[in-house]
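In the two complexes below, chain A is the common chain; its partner is chain B in one and chain C in the other.
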Partner chain A sequence: MDSLYVAWRYLSFNWLRTATLIGCVSIILALPLALNFLLDVGERQLTARAQATPLVVGAKGSALDLTLNALYFGEQVPELISMAEDEAIARSGLALPIPVYVRFHAREFPIVGTTLDYFELRGLSIASGRTLGVLGECVLGATVAERLGLAPGDSLLSSPESVFDLAGVYPLKMKVVGVLAPTHGPDDLAVFVDVKTAWVIQGLGHGHEDLASIEDESVVLERRDGNVMANAKLLKYNEITPANLDSFHFHGDPALYPLTGVIVAPNDERAGTILRGRYLQEESRQQIVRPDEVIGGLLQSIFRIKDMLDAAMATVGAATVLALILVFALSLRLREREMTTMFKLGCSRATMARFVAAEIMIIGAFTAVLCAAVLALVNAYGVDLVRALILQQGG
Partner chain B sequence: MIHIRDLQFGYGSSNFQLTVPVLAVSSGEKLAVIGPSGSGKTTLLNLIAGILKPQKGSVHVGEKQVDALSDDGRRDFRITNIGFVFQNFELLDYLNVLDNILHPYRITRALKLNAAARTRAVDLAAQMGIGDKLKRKADDLSQGEKQRAAICRALLPKPKLILADEATGNLDPENKMRILELLFDSVTEHGATLVAVTHDHELLPRFDRVIDFRDFRLSQAA
Partner chain C sequence: MSSSAERFSVMRTSLSWLSVLLIASAVTSTTLAEDRLSVYVVNYPLKYFAERIGAEHVSVEFPVPAGEDPAFWKPTAEMIAAYQRADLILLNGASYAKWIATATLARSRLVDTSREFADHLVAGGNVTHSHGNTGAHAHGNFAFTTWLDFNQAAAQAKAVMEALARMRPDIRASFERNFEVLQSEFMALDAELNVMARKAANRPLLASHPVYQYLARRYALNIKSLHWEPDRVPEESEWTRLAAMQREHAAKWIIWEQAPLEASVQRLNAMGIGSVVFSPAANQPERGDFMTVMRANVANLGRALD
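Here is the complex of A and B:
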């Protein structure tokens, strides 16, 4: 105990040196540990989700962007396909198509436009409230609800794509009707809406005052053949309520409405093979990917980089250990007079070694606590960090 | 108290050779050791304390033949029987005054750090006039206060022998006399023997005996 007491006095007296040393050693130790931990979490998340998603159809281009967007709601939006693709797969009778439109955000969280089949595929359960019912409703992932402090009955505004684009996407005030149970995956960090709601956010569908019964003539530009053209003064709704729900409508051919991808759940292996064969034709403008293959390729690249990082870390670690030995050796030389005094007073070399060992032990203990704190933080925010470090950057 | 006979000591790397045919110091005696730098005064203290071992001859302190003890034995003997006071005080800057005084108890198992030792440390500090500075770091003390703390540290284990290596060398004249006074009083009060290396000839009349290293002759104090 005396050794620890004297060592603690020495270290606390030289607190700046001690803190610097602890900081440096902690960084050297915690960095590779945290990186390995993150990669493990990332690998598990990526692999599990990829294996649970049989096939994804999307526009030809980067298979990785398509997979990351459809499975993990990555930032990078792939080339769009149309709803016709979803309908064609459904007509084939070979698989269940689940449309996915991941382009917009509410605050920093992605809005996922899809159907109720998605919830079934992922085995998502509602923790509070209910599932999606009508246009303009949303169901929140567990983390989204927690971070934004929202519960069923509250509202959430979609974010405009660009605040400087006056002709762009306007915010839609969505009604929160449910919150999902935590899944510890990307679904916790998403806002789910019906795919039609996502199209309303884009402006493909909208609701406004009934032009047929409008009394303010200054809104009317032209009346011709029973059609009424209105100017910008016409009141458009930015919230879908039971009162204005009927006024919402879509323009154009719904089959041409955009999707970022279609998750495909084949009836069986044979059906999956047939479907894959159809997309192999060169003239096809779409591609079908197996997420586990795409993610396997991504992980291989990541682990190749990790191997290099490990080697670099090992080299830096070895250099650091040597530097630490040098620091302690120099420190002992600087303390030679103190050591001589102790020796003259009657202190043995073993006791002096105990004091130094106690100092190393205290530094080690603080380093371990700091490393544990870093790892606990990484553990707590692992899902978010993986998303930030791998999915968003990778996407 | 101290009995040295036919002592010879040299450092391997130099021509220095200390020879002491015979030296006896009585119990309770206050002995001054003077002489030019490099004449072997500090070496003599180190030989008495068992820090160094003579190549020839013997060193007895009390009943023990110090040079015949093992390394551990000499250390334990030193810490329990000898108090060292240094010219540069040699207090540890990272410890407060009380911890510095108690430090000998923390560096050996031969001394037990208990409530009695703590009480005695506080009492000694009060006697030395630094009772109100026990919580201060050593660096916050004046030179005189530092030496008082160092004397407390040397006296705390109740040693039979005090070795002072130019203990007043770094002090101003006023502090020099006061510290010497305190050292003498404490040594007398504890019935200890004092061997002090000094360059201050004006202090010599206070000692019982003086050894002059220039010719290693023993002289009586005036």
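Here is the complex of A and C:
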């Protein structure tokens, strides 16, 4: 007990040196542990979501971009495919296609245009309000609702793609009808809309007064062969309400409407294999990927880097341990006069060894506490941190 | 004494058995109700097809109120939620039920019953419009009373059968049997109409509304359509238009969706035009069912084609 007291007094007196020592040892110990923890969480998150997503179809190109966009709603928009691809998969009868159109944003959160099948695939449940009912409605992920302070009944504006694109996408005022229960995944950070609403945001669909019965003739450029041509004065609605819902319609062939990808849930393994075979032909302009394979590849790269980091960390760690031994040895040298005095006062060599051991023990205890605090912090914020890192990677 | 004790014992045994039977029947009916597929439809013909094919294995809901045209009915948010909860949603296709285009429904539950002949739908004659250079478009694209071609009705019924069988493969045989019976009834009507139509080839006919496109195409009927409501006597301008039409298309009969007002019938009679009813039966009929209505329709049309 006396040894601990003397050691404590000595360390308190030399507090700067002690704090530096504790800091160095803590960093050397906590860094690899925290890194390992984060990688484990990342691996679990990536793998779980990838395994829950059987197949993804998208344009040929980066399989990683396609997977990260379809699974994590990354900002990197892959080359677009058309709704015809989704319909072809549905017609094949081999799988359930779930269209995904992740291109637009509301504030900083991605707008995910999809169908209700997506909610079933991911097992998403509504915490408050209801699910999507009609065009122009949105359901918020738990984090989006919390950060924006929105609840069912509120409105949310979609953001223009570019502030300089004056003739481009007009913001659509969406009605918030529900908030999802937290999933601790990318769905918490998304704004879900019907894929048709995403097309309205893009301008492929819109609502306006009925031109066939319009009274203000200044809106009409010309009437010819049963076609009424309107000019720019025709007011288009930027909010879908029960009153104007019926006026919303789409231009062009719906089969050509864009998607960023299609999540494919095959009926069984055989159906999945047949489908994959169809996309292997060279002339196909689309690709089909297995997210678990793509994410597996990504993780392998991450782990190769991690192995290198581990080796570097081990070398640095070994060097630091040697440096610490040197520091202690030098410190004992510096304290030679102090030791001699203690010896003359009647302390045995064993007592002095106990003093030094007590100092090391106290430093070890503080280091352990600091490491535990760092790891607790990582544990508390690590899941969000990893998710943000994954989404950034997607972007 | 002993006989009354015997009677009592018999009565007690009977009551016990009765209770067991009642409980068993209650349990069975509850289980059956739980096992039944919940099917929502967008018009009455599909309700009829699903009930005929699915029989006791389905619970078919058609929430459109009587008297409303299901093609233009608008469901409330609660009603859309009810559709979302269904195991299957049977659609007519051909842009029928306008609300489907703006509603959010799970693809996995939707069945487009006219998909098989989607490439052969009749284009509607809507006014088109365009905004600047974006190209003309119309808001409703196809004639949608697809089931009035009985061959197409059979194809739609087959799509219903396939959808039910996908959901309940264990009782596919039952669905197939029921479908075959229904199909044979359609084929009988189809054959009957074909014989009648051949006898009256190219005979001019009028229709009160443009809803008989598929009937006309399948049975090669020479029909020109008006826009007359059966519950309203047409205005003078409409009679004038009819008279003008008669000069090029000398029809002796007009086909109505439902019984017209007597005043309209009398005035048409005076012009030498008889009235027959061929109900599309898009909504639940007041009497009978889809098949009885169609049989009556064929018989009525027989008068015009005789």
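One rule holds for everything that comes next: the second predicted complex is superposed on the first by the 287 of 395 C-alpha atoms of A that agree within 3 Å, B and C clash if a C-alpha of one lies under 4 Å from a C-alpha of the other, contacts with A are read in each partner's own complex, and residues count from 1 in each chain.
Keep in mind that, in the parts below, contacts are C-beta pairs under 8 Å (C-beta built on N, C-alpha and C of every residue); 3 or more make two chains touch, one makes a residue touch a chain.
For clarity, every value in this text was computed on a predicted model and none was experimentally measured.
Of the two partner chains placed by superposition, A:Q287 touches none, neither chain B nor chain C. After overlaying the two complexes on the shared chain, residue contacts for A:E137 are found with chain C alone; chain B is out of touch. By the touch criterion defined above, A:Y5 reaches chain B but does not reach chain C. Within the superposed three-chain model, A:S26 lies out of touch with both chain B and chain C [touch as defined at top].
Of the two partner chains, neither chain B nor chain C is touched by A:S62.
Within the superposed three-chain model, A:T183 lies out of touch with both chain B and chain C [touch as defined at top].
In the superposed three-chain model, the partner touching more residues of chain A is C, compared with the other of chain B and chain C. Within the superposed three-chain model, A:F13 lies in touch with chain B and out of touch with chain C [touch as defined at top]. Against chain B, the residues of chain A that register as touching in their complex are 2, 5-6, 9-10, 12-14, 337-338, 341-348, 351. The residues of chain A lying in touch with chain C in their complex are 90, 96-98, 115-117, 120, 130-135, 137, 194, 196, 208, 211-212, 221, 226-232, 234, 245-246, 248-249, 251-252. Residues 46, 49, 51, 71-72, 75-76, 78-80, 84, 86, 90, 92-95, 99, 103-108, 110, 113, 137, 153 of chain B are the ones touching chain A in the complex.
For chain C in complex with chain A, the residues that touch the partner chain are 74, 77, 80-81, 84, 98, 101-108, 127-132, 134-137, 139.
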